[in-house]
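Note that the chains are named A, B, C, D, E, F, G, H, I and J in the order they appear, and that numbering of residues resets to 1 at the start of each chain.
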Amino acid sequence: MDFLVRIDVSRAYDLPSEERADLIAREQARGRELHAEGVLRNIWRVPGTRANVGIWSTLDADALEDALTSLPIRPYAEIDVTALATHAMVRQDPGAWT
Amino acid sequence: MDFLVRIDVSRAYDLPSEERADLIAREQARGRELHAEGVLRNIWRVPGTRANVGIWSTLDADALEDALTSLPIRPYAEIDVTALATHAMVRQDPGAWT
Amino acid sequence: MDFLVRIDVSRAYDLPSEERADLIAREQARGRELHAEGVLRNIWRVPGTRANVGIWSTLDADALEDALTSLPIRPYAEIDVTALATHAMVRQDPGAWT
Amino acid sequence: MDFLVRIDVSRAYDLPSEERADLIAREQARGRELHAEGVLRNIWRVPGTRANVGIWSTLDADALEDALTSLPIRPYAEIDVTALATHAMVRQDPGAWT
Amino acid sequence: MDFLVRIDVSRAYDLPSEERADLIAREQARGRELHAEGVLRNIWRVPGTRANVGIWSTLDADALEDALTSLPIRPYAEIDVTALATHAMVRQDPGAWT
Amino acid sequence: MDFLVRIDVSRAYDLPSEERADLIAREQARGRELHAEGVLRNIWRVPGTRANVGIWSTLDADALEDALTSLPIRPYAEIDVTALATHAMVRQDPGAWT
Amino acid sequence: MDFLVRIDVSRAYDLPSEERADLIAREQARGRELHAEGVLRNIWRVPGTRANVGIWSTLDADALEDALTSLPIRPYAEIDVTALATHAMVRQDPGAWT
Amino acid sequence: MDFLVRIDVSRAYDLPSEERADLIAREQARGRELHAEGVLRNIWRVPGTRANVGIWSTLDADALEDALTSLPIRPYAEIDVTALATHAMVRQDPGAWT
Amino acid sequence: MDFLVRIDVSRAYDLPSEERADLIAREQARGRELHAEGVLRNIWRVPGTRANVGIWSTLDADALEDALTSLPIRPYAEIDVTALATHAMVRQDPGAWT
Amino acid sequence: MDFLVRIDVSRAYDLPSEERADLIAREQARGRELHAEGVLRNIWRVPGTRANVGIWSTLDADALEDALTSLPIRPYAEIDVTALATHAMVRQDPGAWT
């Protein structure tokens, strides 16, 4: 099941720069792991903000909660989750939309 | 997976009363079916409004979309869906919370 | 009478981790008590947030206020309460909806 | 239990004036009944709007829903309900606040 | 003239508990005085919040401002004021609504 | 007592132009009367909108409600009222601010 | 350049059902074309609503405007566009994120 | 003096297409006139919407109101105006920013 | 040209009381100067808040910005500005509205 | 491609005045560079606020993100970006609108 997830990490920018750089490095390492597992399918930066928007795929909301809780940046993050259902076009011809 | 679903059917009250009464009867029949299937677990009226709030349980958002689309009142409904994850207390002792 | 209650405890995450862990342990102990008393009927985590959503049952708003005030996490909580009335379907056939 | 209830009846003003005048007369007759029963304790006009604000007292949200549903103007009304708990000052000395 | 006044005192809860307890005691003493003077006619707690909702009666907005400024808790309060006009039902038969 | 009043009359622009022109003429005639009585002290157009912003002076909210109800355009108006108290500078030296 | 685009087509549901069915068929045909051209990269249904959320890729906002204007359902659509920048993780290793 | 002006003309799209096409032609003719006069300095389409955003330059708000009122599409437009002051950088070196 | 200006100075109330008292004294002195210059035409207190609402008259937004920047309280102020155009009634008979 | 960008730098005003003056000087130097490069085409102050509104021109959102990240004030800025498409009038006659 897919979710549209917006993660704003403005609060992480109140950290001393070294601590923040280390946190972001660990966060991106975890991000690459989640991408490799197929959980974090795609991610973008919202220009001008400290927020990203991503498409996450997990079995259900519990699995999504676990994935989000595993993010090093979680304590500094404001997260907004929208559940997504498969669109009719994609249901009709899944192969065309992989 | 559970969802908190708010359904506002104000627009149905613009229908002629007989048509509306028939629609609500068919809607409640469908509601009882969904409850019997364990999809619509519980439902309340938000006092003073034409909206109800319910706890829905489906495999995922696709199954929820199908259940909501099956509602006779769907064309007149404004629906807001919040995905819900299992709370830590319930994960620790599911039996106590059935 | 039932209430839909959303409790956001983000502010508790500014506490030192040990103090927070102790607070959450006491909070969950109190939560299990309230559940056993039939006050806190069900509770979910809103994925990605520090908020839970629950169905609370008390005699009236005063009893709800007392229950909420008894929560160890109360000083750190932003709480939003929506009064709920019994839905027509449930009034017609309470037994089917317990 | 008390509720703060705001009722906006703008939509009633789309009715032909005679029909509206009759509706408002029936509505006020019902209002006086509810006041006499101690349900509608007090009511004010929000200046410049078609909305009133009132203090309603009922056993619980179900009783409030029944009272609101009994209003002739109900089909034209947008209603917002806030549950109210007894203030500490009033709990300490109820007699002083009747 | 009546006003619907919502006073949120969340910020007072950042004070050390002793200081807060003293402040609340002085605040409630002042509240009882204002009630005795007919200024603070009625007051409720909004369940789950640090806010109260009250019906205040003063000559005009200047007198309301003076009454609100006299509250010991004023420096910690977020206050929202709505002017209220007498409802048509009450104008027609004031005696029935005292 | 003064009030800041915003009146949006967009809905009047759905009227046939002749009917609207007559309504606006009657409305402005009433406006000049209210100004002459010292009730409507000053009024501005919010550029680009069908709304005006004005400073109204009446004994209290009841008198304001009566004045607003007397406006020919009232049935088409969305009105927002903010109660205003005298500023400290004006209290200290009313003569300088007439 | 990518855009997050939410398209709400509630107004299309006021059309007679046959006309609507034809419109949706033409809309989905156009959707498949845009997908084949790489413009509409992915699309989901927001459960319970008449809205979809999609990831669109065009040279710039002008090309996006042209693509959106080409949608048969455009006259009935409320569209919200968020520009998206490439995330740092994807910039560092584009190949891993195709 | 400059203003940031957003003009949403969604309502014009409820007109029959011929009438709308004529209106838009007259509107764009007037737009070119205002641009030639230096009043409408620049204008953009907000992608996916029926709104434009423009930089308007007039002596003051009265002149802006007159210019906006002269737009053929005015009766169908929702307009939002933000007053703009000259930025410090531009004040320091106006020539560099013409 | 006139502007409706709302200035909220809540943040000034976090200052030590002596420093705040001095700031408010300097602020009111500056306010009287601006009133004498015809810039600050009128000002009110929004009851229950730390905000004032005023009618300001300057040549344009640049002159308004300079006047607002000259306020001692500026660093602690949240300011909201609405440009105002002359109302049709006032244009027709300016003398009646001075 | 053009963007409407609002940058609020209120948080920079919490810095010691000397540090802030230096930051603003570096910020304006960078602003002049971006203007010279044709990236920052025009900029205004929103009167009464710490925010500016500007028209930015870059290849796409990635280039905009890089330009915004290059601003010395970025760590203190709340930025809101709206993508802009070329208006029909400007497409028809680009030369008239440079």
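What we mean here is this: a residue touches a chain if its C-beta (ideal position, glycine included) is under 8 Å from a C-beta of that chain, and two chains touch if they have at least 3 such contacts.
Protein names from UniProt, one per chain: A, B, C, D, E, F, G, H, I, J = Muconolactone Delta-isomerase.
Quick caveat: nothing in here was measured; it's all calculated off a predicted structure.
Superposition of chain B on chain H using C-alpha atoms only gives a rotation of 145 degrees, nearest 5. Farthest from chain I in terms of Cα centroid separation is B.
Repeating the H-I interface, with the same residue numbers in over half of the contact pairs, is the pair E-F out of E-F, F-H or A-J.
Separating the centre of chain D from that of chain E, both taken as means of CA atoms, is a distance of 21 Å. Distance between chain centres (mean CA atoms), chain B to chain F: 45 Å. If you average the CA atoms of chain B and of chain D, the two centres end up 28 Å from each other.
The geometric centre of chain B is 39 Å away from that of chain E, both derived from CA atoms.
Multi-chain contact residues of chain B (touching two or more other chains) are listed as 2-3, 45-47, 61, 64-65, 81, 83-86. Interchain contacts give a graph that is no line, ring or star and is not complete, per the touch definition above.
Chains touching one another, given as pairs, are A-B, A-C, A-G, A-J, B-C, B-D, B-G, C-D, C-E, D-E, D-F, E-F, E-I, F-H, F-I, G-H, G-J, H-I, H-J, I-J. Per the touch definition, chain G reaches chain H in the complex via residues 3, 5, 7, 61, 64-65, 68, 75, 79-81. Residue ranges of chain I in contact with chain E, taken from their complex: 13, 45-49. Touching chain G in their complex are the following residues of chain A: 2, 4, 28, 31-32, 35-36, 42-47, 52-53, 55, 82-90, 92-93, 96-97.
Residues 1-3, 60-62, 64-65, 81-86, 91 of chain E touch chain F in their complex.
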